[in-house]
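Note that chain A is present in both complexes that follow, paired respectively with chain B and with chain C.
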Partner chain A sequence: MPEKPIQGEKRAFMTGNEVVAWAALAAGAEIMYGYPITPQNEIMHYWTRMVPKYDRRFLQTEDELSAGFTTVGGVLAGKRAFTATAGPGNTLMQEPLSMAEAMRLPVVVVVQQRGGPSTATVIYSQQEVTMTTLGGNGEGLRVVYSTATHQELFDYTIKAFNTAWKYRFPTFVLGDGYQAKMRESLVLYDPQTRGIEMVPTEPYVGKPGLPGTDRPPTHMRNTYNVEEELYEVLEQYLADYAKAAPQIAEYDAFDTEDADLVIVSHGVVSRACKAAVKELREAGYKVGYFRPITLRPLPVDQLRETAGKCKQMMVVESANGQLDRLVKEAIFGSTVEMLSLFKPGVGITSEEVVSRVKEIKG
Partner chain B sequence: MSVQPAMPKCWRIESKPHKFCPGCGHGLVLKALGQAIDELGIQDKIVFGCDIGCSLLSWDFFNCDTIQTHHGRTTPVVTGIKRANPDVIAVAYMGDGGGYAIGSQHLVNASARNERITAILVNNTQYGMTGGQMAPTTMPGQKTETSPYGRDPEKTGYPTQGPEMVAAITPEGAYVARGTVANVKQLKGFIKKALENQIAGNGFSFVEALSTCPTNWRTNAEETWNFVEKEMTKYFKVGEIKVPGPREKEGQ
Partner chain C sequence: MGKMVKIALAGEGGQGVQSVAQIIAEAANEEGREALYIPNFGVEQRGGVSVAYLQIGDEPIGAPKFQTADIVVALSDRAVRRTNQYVGPETVFVYDNGIENIEEDLPKNAKKVLGIPAIEVSKKELHPRVFNIIIMGAVIKATEVVAVEDAKAAIEKKLGYKFEKNPKLREMNFRAIERGMELVASVM
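Entry: the complex of A and B
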């Protein structure tokens, strides 16, 4: 038995991609399947360096279709399996992830968003929100955590495995190129020392016993003969998802109680918004901060409650309204005035947020 | 009283009679596979992945753990399972469209990596489930729904030589053969050797089976048999193409 990758706690200063590799190790992930694409490559680089020492596995596939489908295979074999991708790779990944949705397979995918559409930039964006939350030919039966710091990349990568295996919905950690490539300090830890129990895994195929004699054979399909047959399955899935959603949904908020204007953002952009709200408050502006941590499912009740109390909501994101659409759907019927600061594929500073609010408020 | 031919022991009786069209070759290929599984006594070790296309109908065919995958994606799913649990005996079952068209990159790369899995590809020269369109394996001059005047090799190429390609790109240890539903005993032997090759951990094992599709060929029994035995074998040579062991040196 190889030693634990992290004994107790350890302060570290490293890139986000390295953090993800350490988190997957600490979470007990057994196998990674991957295909190179910037800006996620170093997740594979660090993982492959640590694989022999901690008795883990890695397969470099021919493309992201294969990376996604081999990860599906790893999960079917009962392993904590994951992959990582970005941009056009995320596009290809939607096909295997729709199979994971159809079969309720706890596949974990780390996405480090890059510019789009197409090859665009290898650097940064928040333009993979729509695809990651609602991609594939299905109903978005998946969980998406949007991280903002390296500590969260570590925390939520570990959590993603547990959410996936507990609820049996594919789960994404949605980072971005800035988080992937910048260095930041954080505390690495062995989940057990924080009281985090890893949800046990179990094989779908290759279980002991003679199928048909000692146990029923595993027969998993994603094709149905008639509409009603599919509908019955989906009704159950949707009911399971609706029941799990309030347990899964997470958010962070402050200064919303008496705010006239609440700034809504996610991921790394929320750091600029947090600083902006603090600065504006000090300058006497009645502004608040709301950040969904789960983009799918969204913290719908808290969003609606916030929208019900303030006069204006301003959605700030490095995309042309991808979060905005999700928020508007969640608060449908609210009379709150919706404002925006969209910079698709470009980073947003606190100064920009402050000046936009001052422009609005005069 | 009619006497029913014996079914392989690993077949699932609850899902019989099977769902393939009358005259379809899938049942014969799956019979050969079933017999090979029985003879090797590996029913409890098999993980069977089936593609989309007519092969999807085999999702509950065996009393073996079975995963229905996506069109063209059975090779990577089964690869992922085998990599995560090398104790299983992994079989990827697909048609010629799934293997040679939409999933060809997976077949090529699984071959090049010498994945320790067994792929069985049923070649019936067209897309059966979608209604008989031209496939990579469609014969020159053969009429299909998307080559209504016959396949023109000048415009659409010649039939894919799958096993020959796999034999050319696999490292040593791979097993490659082409059988036919016109000779089930021989086909069973090839499949058995392919499974044994995986069990021995030698390398990738690939068996193409020439098969029949009277529904889309619009042929009667005699024409069907004539096509698979006489026409298809003009392009698709039946036999073992690559067996494990060191390559023979030039001139020996």
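Entry: the complex of A and C
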């Protein structure tokens, strides 16, 4: 048996793509399927470099449609499988992931957002929020974690496998080109030493015994003959999702209790917002910080509660209101004034957030 | 120590600004400090100016990029023009004074503008291949973000396998760091 990739804990300084590869190894991922696209390429590079030593597998496919479908196939065979993509690759992957939603398959996908629409830039954005949370011809029966630091990239990539296999919904780790390419420190660890047990996997097909005699037959469907048949299945799925949502939803917040204005952001932009809120507080501004960690499902109750206490909410994102739309839906009926700082496809610094708040507050 | 330091390094592809930033970041990390380094890596990078953004401090670091740097190092005419946007009243701007026809483009609003003959020194005294290590010495002197011993240790970690074969390379690299520090010290 190959040795564990990480013995105990160790401090590391590396790129986010490398972090994802280490996290997948630590989580016991057995196979990655993928097709290259910047800025996620190095996830594949590091994975393929490391897997021979740890007896894992990699398959490069001809495109992202195929990478998505082979990941679906890996999961059907009971493998802890994942893929990674970005931008137009994420667009193509919505088709296979829609199938994963239809069959409740615990596929794990890491997305490193780049500029859009289309090829746009290979650099960075937060413009894949709508697509990653609600893409495909379905109801968004999936989980999306938006990470902000390398430590979180590691933690939530491991967690994504467990969330996926526990609840049986496709699960995404939503990073971006900055997180993919930057280097910062984190602690790598073997999940077991932190008391994290990996949820066991099992094959969906090819189980032992005679179907119908020794066990119920496996009946995987993504197609239905009549409307009512589909409706019945979806009702069950939606009920399962609604039940799981409060258990899955995560957020981070501070200084919201007495805040007039609460800044809402996610992912790497929340780093700028966190620094901005601290600086503004020191300057006497009554501002607060709210960051959904799960973009799907959103921490709806906590968002509504926060909106109910403050006068203004300012959504800050590197997109033209993709998080904003999700937040507005979640707090529908609230009378809080909604403000924004949108910079589609461009990074946001704490200086910009500070000056925007000062502009508003005078 | 204490305050967070924001550094922007810019040059032509091949001048080694990315590896300088990475080695300094790794040295800071080895010291147990917080460090964040991000390159610009767009298609622009191919045939454009290469920019490295580096932040070092004692608290967790915020956004990976910033608007105003504490120190800007520009190593070509295009890099000088490109990095003007990162200069504010508190910025120390370091450039190579062997670059021609850039007097007009040097920032007017910087705290200090320091010209150093790094290209010339690398060619005449050392070797062009340690040019970026001279720059590294200059950055370390101007910012004091890491101790010189830790910077040397980080170089050793990265290039040690080459030094094993040719110990003279080690000597030259360490000399380059020291020369870089001297160049900045003489104009500060």
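Here is the rule we use: the second predicted complex is superposed on the first by the 359 of 362 C-alpha atoms of A that agree within 3 Å, B and C clash if a C-alpha of one lies under 4 Å from a C-alpha of the other, contacts with A are read in each partner's own complex, and residues count from 1 in each chain.
Going forward, a residue touches a chain if its C-beta (ideal position, glycine included) is under 8 Å from a C-beta of that chain, and two chains touch if they have at least 3 such contacts.
Values in this document were obtained by computation on a predicted structure and should not be read as measured data.
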{"item": "Combined model on chain A: chain C and chain B, fit or clash", "value": "fit"}
{"item": "Contacts of A:L59 with chain B and chain C, given as first, second, both or neither", "value": "first"}
{"item": "Touching partner for A:V268 - first (chain B), second (chain C), both, neither", "value": "second"}
{"item": "Touching partner for A:G212 - first (chain B), second (chain C), both, neither", "value": "first"}
{"item": "Once both complexes are placed on the shared chain, angle at chain A toward chain B and chain C, C-alpha, multiple of 10 degrees", "value": "120"}
{"item": "Contacts of A:E30 with chain B and chain C, given as first, second, both or neither", "value": "first"}
{"item": "Touching partner for A:L298 - first (chain B), second (chain C), both, neither", "value": "neither"}
{"item": "Chain B versus chain C as contact partner of A:V122, first or second or both or neither", "value": "second"}
{"item": "Which superposed partner A:M44 touches (first chain B, second chain C, both, neither)", "value": "neither"}
{"item": "Partner chain in contact with A:E352 - chain B first, chain C second, else both or neither", "value": "second"}
{"item": "Partner touching more residues of chain A, whether chain B or chain C", "value": "B"}
{"item": "Three-chain overlay, closest Cα atoms of chain B and chain C, distance in Å", "value": "28"}
{"item": "Residues of chain A contacting chain B in one complex and chain C in the other", "value": "none"}
{"item": "Chain A residues within the chain B interface of the complex", "value": "30-31, 33, 57, 59, 61-63, 65-66, 69-74, 76-79, 81, 95-96, 99, 203-213, 217-223"}
{"item": "Interface residues, chain C side, partner chain A - complex", "value": "22, 25-26, 29, 34-43, 60-68"}
{"item": "Parts of chain A lying in touch with chain C, wherever the complex brings them together", "value": "13, 38-39, 121-123, 149, 177-178, 181-185, 268-269, 271-272, 274-275, 347-352"}
{"item": "Interface residues, chain B side, partner chain A - complex", "value": "10, 12, 43-45, 47, 52, 56, 59-60, 62-70, 73, 76-85, 87-88, 105-106, 108-109"}
